[in-house]
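In the two assemblies presented below, chain A is common to both, partnered first by chain B and then by chain C.
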Partner chain A sequence: MMDDIVFQAKNLQIHAMRDDGSELPIVKGVDFKVHRGEVVALIGESGSGKTTISLSALGYCKPGLKFAGGQAELLGQDLTNMTTDALRPLRGQRVAYLAQSAAATFNPALKINEQVTEAPVIHGTKTQNDANLRALELYRALELPNADTIGDRYPHQVSGGQLQRLMAAMALCGDPDLLVLDEPTTALDVTTQIEVLKAFKKVIRDEGAAAIYVTHDLALVAQIADYIVVLYNGEIKEKGPTDVIINNPQHPYTKRLIAASRLEPQTQHSAQEQPAEIEPPALTTTQIDAGYGPTKDGRPLVQILHDVDLSVQRGQTVGVIGESGSGKSTLARVVAGLLPPASGSVVLADETLPPALAQRNRDQLRRIQFVYQMADTALNPRQRIRDILGRPLEFYTGVSGREKKDKIDELLEMVDLPKSFAGRYPHELSGGQKQRVNLARALAASPDVILCDEVTSALDSIVGANVIALLKDLRERTGIASVFISHDLSTVASYAEHLVVLYAGRVVESGLTHQVLSNPQHPYTRLLIASVPEMRIGWLEDAAKARITPTGTSDNKFSTASGCPFMPRCPMVIDNVCSRVTPPRRQANPGSNHGFACHHDVNALAVETVSPESHQI
Partner chain B sequence: MLSLIAKRLGIGLITVLAVSIIIFLGTKILPGDAAELRLGQSASAENLAVLRERLGLDKPYWQQYLSWLVNFVQGDMGNSLSGDTPISGLIADRYQNTLIVSGLTALIGVPISVALGVMAAMFPGSTYDRVLTFTSVTLVAAPEFFTATLLVLFFVLFLGMGSTIVSGSTDGMGLFELIQHFALPITTLCFVIASQLIRMSRAAVLNVMASPYIEMAILKGIPRRRIILRHALLNAIGPIVNVIALNLAYLITGVIVVEIYFSYQGLATLIVQGVQTRDFVLVQSLGMIFCATYVVIMLIADIAAILANPRQRHPK
Partner chain C sequence: MTHHSRPSTQEHYVAPFDDVTSFEELKDAPPPAKFKLTFMGKIGAVVVTFWVLIALLGPFIAPLGENELPFPDAYSEFQAPQPGAWLGTDVDDRDVLSRLMFGASRTLGIAFAATIIAYFFGVILGIGAIVAGPKVDLVVSRINDAFMSLPTIMLGLVVVAAVGSSIPILILTAGFIYTTVVFRLARGIGMDIIVMDYVEAAKVRGDGIWWIVTREIWPNAAMPLISDFGLRLIIVILFISSLGFLGLGVQPPQADWGSMVRENLGALQYGESYLPVIAPAVAIATLTVGINLVVDDISSHAGRKLSGRM
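What follows is the complex of A and B.
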């Protein structure tokens, strides 16, 4: 067993080449081994060098990087000083790579099957026919629908979760000795993530392959890895078998990582705020119907939102949660006025807002601000931070000169950034700092309501947790109300007092966060909660066993004018009712505002409760 | 996909109609109408009235516009103001020359330039790439008459081949004879379009080369040649086709310097003559022809880009 080493990094060093010719160490002497049949996880935040290290197993450095010392040995052969031509037979053959975003990794102009079978055919280890058969076998093993024909499609014709599994097929088609998986499930919804993870784990076991699994998510690692390497700033902080690292971490950084992925649900805060409900909510939406495309009889061609109600008090947060395509961002766009709703109204404190942006006056615009997910694309790369913050200040408050400068300093201070950042450009900032600037820009308008669209999704867990802490602090200090949109239940739960669960554009359940989480009623809410990975070994197997609902793919998600949208996946469908009648709204407890939309009442649902024991988030 | 193409066709038609209205109104804004221009400033009011009635200039604008448009579509562009000869005849002679020169330039210049650009993208930063990039920048900067002069200096004066002036009838010439006949204008134009095409096709391919799916192909051990030809080029077709189309349109309408330099009779010189003699009937007709040519070429480029994109070819 000891001799059966597939990959070994020996004092591996990788440097970045700067424009002035100097070199910056990115990976500073890393040692670890991957045995046959073993999954080794590289864990750390962005900038820790985890992706760079994983790519060394393919002898590849991203443009601008180079091997500076040590060895990366694949099957005893050092890759660091090999030419591209010498590496080519190994790549795709001995070692295969799975990237984070399958949507970007598949060539949009080529059919899937050609891309899946390309490597072994080009390397001459399989004929096209053999490769096709192997691909088909993998499609079946990965539980892809329509395995016989899926290869004839183009990448844009299948869903994200399917594409991610197809990428696994692409990697495995050449029967590699080593798989390198770079955050392969990060871009997926939680309910889809389980399925993909399960498929990966099964295939890795069945094929007896070794794997390097790169991720920032410790709970995921606990499910799939045998051995964990914790990286920080290009150095190994701690390494060891999975159960040791998870249950008995030694290094402070590992402890922080574990703490950051165990965010505590928001409970007591809301209880104190209850009396505040007497004053009118800061923001209310009533019976919003909205969608895209030309409208006919007052209905848009593609209706996304059906009858969505939401309300948030001053100084509070409502979390909107749902899978991608559930209409979360559409809701935010309706509130912001970017998408006028087909019907329903948006009320800001006491005033009903005009539906379209162009009809709102400057003060109405000021009072609602949007914080986008990708700070990278939301900040103009050619403007200094002072200009990015100065524009909304001037526009909404009319300040200028000395006063404006003071306000900019104040804003930077509010988001815990040094004043000196005012003169910097966005690319000189880290991801977390950029997201703070993004937030400061929204705050520059001194809004009543901020709409946060997946603001922590692009950030590492520790950085994301810091941004959440900042948001909580700002909420206390300014009394701002926020709508917090996310697909990540644990993040929402740690910040929002109220929860709205969206499924296919309908509110399926809503209420105080702790009530919804501790006593979920709607089958979808239950599925969602059960899908959040827990940091314990064996959770994946338990969760997979307990699952009674079919895979969450966008194929069986549909938006209907009447009936329950969750019907195709629901384990307790009532024939001839769920498909035709829109479910009534029910109360989970008398007197509370915890409600859900289902044809079953609380008692009927209680009978079906799925693995109720511990779904702590 | 068909509806997408139909939409493009519709937009093209609307563009042509909109331009026809602008062109028609443009000539109405100018002082003096066709009757005044023909009879001169000393003409009597009665004579003007008679001629206006004969030309239909006394009718409302919309009627004039419609009859002009209908006649134009049927190929009747009216008579030239200066010579009173049918404009369709004037244009037909010139159109042939322009078409031959542009067609041959496109036939020779486009494939060579695109191939050179793609090769430069295969080896970015190589000596080949640098020499090519440097040369094409120089050529972009050099005006046509300068390139033409250099070519004449080299071929005619130094090597003693061909002549500076392109003259004589092209009737009955074969492809190679035509190339020989127009050798210098074609070479000049090839240089002009090559500089842009090389740079744009290089940039289009390099842009695609930065995509994650190309990195994936590298990590699958795919040879560089196949990466470029199979993975990158298919995705770069859209932008490349658009640059080709813009250059083709330039070849039809913008080659006046080259036409004058080599003294052959093409469409571009004709429109200049029209402007000089205030023959706005001629200018009107040529304007419409240029516009229609532009629209048709752009339409072909759009349709090609739609066909090259599987997202549009095979919707979900």
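What follows is the complex of A and C.
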């Protein structure tokens, strides 16, 4: 096995060419090997060069980059100085690439089978017939539903998770020696990701293919890789077998990376069972119904939110969790006034807010601030940081001149940025720094409540962990209440004392974080918790065994006026009840505010046990 | 399925490190490059500067007046270049060089004024339409489409034929015709910007329309619009010249490049040189290509900025 090297990077160097003709090293002499049947993970944050290195296995450099030294050898052949013509027969045949977004990879105008079988047929290695048989075999291996007919569909007719698996079939159809996977599950919901990951792992094992797996997620890597290469700034910081890297990391960078991926869930902390009765909640929403399109009989054409209640105390955080399409961002938009609800109310401390933005007065606007997910689009690229922060200051508090400048300095200090940043433009800052500015802009209004919409989702784990630490610190110092929206349960759980689990626009479970995590009631909450990858070798197999729904996909969720939205995926459906009657709200423990919405009561749900591992994050 | 079937046979390597290593967050994107002209762009800039100078100074430094005859005592139609008439003489015995210089200021002046008008109304209407909401946008856009569907030269011909040709009419006609195009462009650019979170952030803050348009949208729309300005200027120059060539533009005895080509067409048949036709044609061509070269550089820069912003 030692000699069976499929790919080897030998002192690989890749430089970026700058406008002034000088060169900037991006990859600074990287060595690693991939043996046949081995999955090697390249892990690092964005800017570490991991994608650039992985593309060298295809002999490809992104525009503006060039191979500056060393070799990238595929089956002993150096790719770095090959012409495109010489590379063409290798690509798609000897080495195949799986991109992050299957939706962008598939041509929407062609049937799936045509695209899956295209590479081997074009390269002349298989006849169309053989390729079709091979594709069918792969569809089955990847556990795709309706394997016999799925190839006749168009890409938009299958779900995102299925398309991701079909992309794997496309890559494997030509029996490549090497598979390059670039964050292949990052765009998927956790509950879908686990299915896709399982299928990938199985097919890679069965086919004995070698693979380079690029990701920033250590917990995923622990499930699928045999060998891990840790990259930082274009250099290898540490490389070793998976169990060594995960359980016994040596380099301080690896240690930090692992620490950032192991977020501790909020425990009791400041959250008492019945927090401060004296004070009314900083923010309450009651029975929010909201959606899009023209309203008819008081209901919007497309109703997203059904009957959503939420409340958060001063100095505390409620985490809203759900997969894409669950309505969590819509909820934030309703609270912010961007989307007036069809019914229900938003109450700020003691004052009921007008539903629409335009009707709210300046002070009401000031008291709720929105923090956007993407700092890149949330900060005007043509304004300096001092203007971005200065506007809410002068708009809400009317300060100007010297006083404004001092306040800006103070804000920058609050979010741990140097004062000198005031004169910079957003593009002169890194992703994490931009997110801090984004946060500072919200704080400039001295709000009572901040709405954080996926604020760490676009950030690397270490940077994200730092932003969470900053949020915790700010919460303690300013007593601000926050609504923290995310699809990432471990991030939410590490920051929020209360959890609200949304599914198809309904609250399926809510309560104190530690209660919900330690004693989840709703089948969806259980599925969600069980789907969060743990940084533990063998978790994937355990989770697959313990799974309460055999093949859950998040795509067939439906949202009706009555009935339980989780019904199509639920393992314990009651015929003729779940489909028609909206589940009642029940309490998990008498007297607690841990509640859930299900036709089964606590005792019935307790029968359907979940393996102990899945209780942890 | 086994847990971890094949322990890797590869070695464990740890890079050397100091005890106090700090890991700064990596920049995710290099800062956008400063705007710089390429070699071709520089050539274009030189050509454009040359013509702009001629347009500004031409009437003052021209060797003769617009309708002055270099050889008043002789029958001197379509003469070859010679001392006193460095580019030869035209159909009415006038100095081609002097007329070219007068024509430069007229052609460029009309085109510039018309483009400014087109931009002024196009941008206000375009950005106004999206800010004012979908209903207004729909109405204004359909009216705009109706005007856009008219062929430009035909529209120009009809207007000039109906109202008569004068420089103000030319400017207004060209300005109106190209307002429709600029409207489209400004609306498209504005649509991309108005959905940005920073615009929504300003709305949620409570900022008014005026702030949102002038501070949030305009600074981001300006760069792509400026790069189109040059392109639009070329098209207007060609439009004015075409009208001039058809005899409906600037009227004789005033000179403009398009009409110079037309009135001197006879030189191709029986002139001593082709220069009376070639010179204004080359002037139109070089100016057009020159502006294009500069615009290419600006738009590739703006494009990079745009993609960086998305």
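General observations
Heads up, the rule we're going with is that the second predicted complex is superposed on the first by the 561 of 617 C-alpha atoms of A that agree within 3 Å, B and C clash if a C-alpha of one lies under 4 Å from a C-alpha of the other, contacts with A are read in each partner's own complex, and residues count from 1 in each chain.
The working rule: a residue touches a chain if its C-beta (ideal position, glycine included) is under 8 Å from a C-beta of that chain, and two chains touch if they have at least 3 such contacts.
Worth saying up front: this structure is predicted, and the values here are computed from it rather than measured.
Once the two structures are overlaid, the count of chain A residues touched is higher for C than for its counterpart among chain B and chain C.
In the superposition on chain A, A:Asp226 makes contact with chain C only, while chain B stays out of contact range.
Contacts of A:Pro252 after superposition on the shared chain: chain C is touched, whereas chain B is not. Judged by the touch definition given at the top, the superposed model places A:Thr149 against neither chain B nor chain C.
Contacts of A:Gln287 after superposition: neither chain B nor chain C is touched. Legend: residue contacts after superposition of the two complexes on their common chain; A:Gln359 is shown touching neither chain B nor chain C. Counting contacts by the rule stated earlier, no residue of chain A appears in both its interface with chain B and its interface with chain C.
Here chain A touches chain C in the complex through residues 1-2, 16, 18-19, 24, 33, 35, 37-38, 45-48, 202, 205, 226-227, 232-233, 235-244, 250-253, 256, 336-338, 357, 360, 362, 365, 370, 372, 374, 376-383, 391-392, 395-396, 427-428, 430-433, 441, 445, 460, 462-463, 537-538, 541, 544, going by the rule given at the top. Those residues of chain A lying in contact with chain B across their complex are 55, 58, 60, 87-93, 96-97, 99, 101, 104-110, 118-119, 122-123, 153-154, 156-157, 170.
Of all residues in chain C, those touching chain A in their complex are 1-15, 17, 21, 23, 25-34, 36, 196-198, 200-207, 215-216, 219-220, 305, 308-310. Residues 211-213, 215-223, 226, 230-231, 234-235, 308-311, 314, 316 of chain B are the ones that touch chain A when the two sit in their complex.
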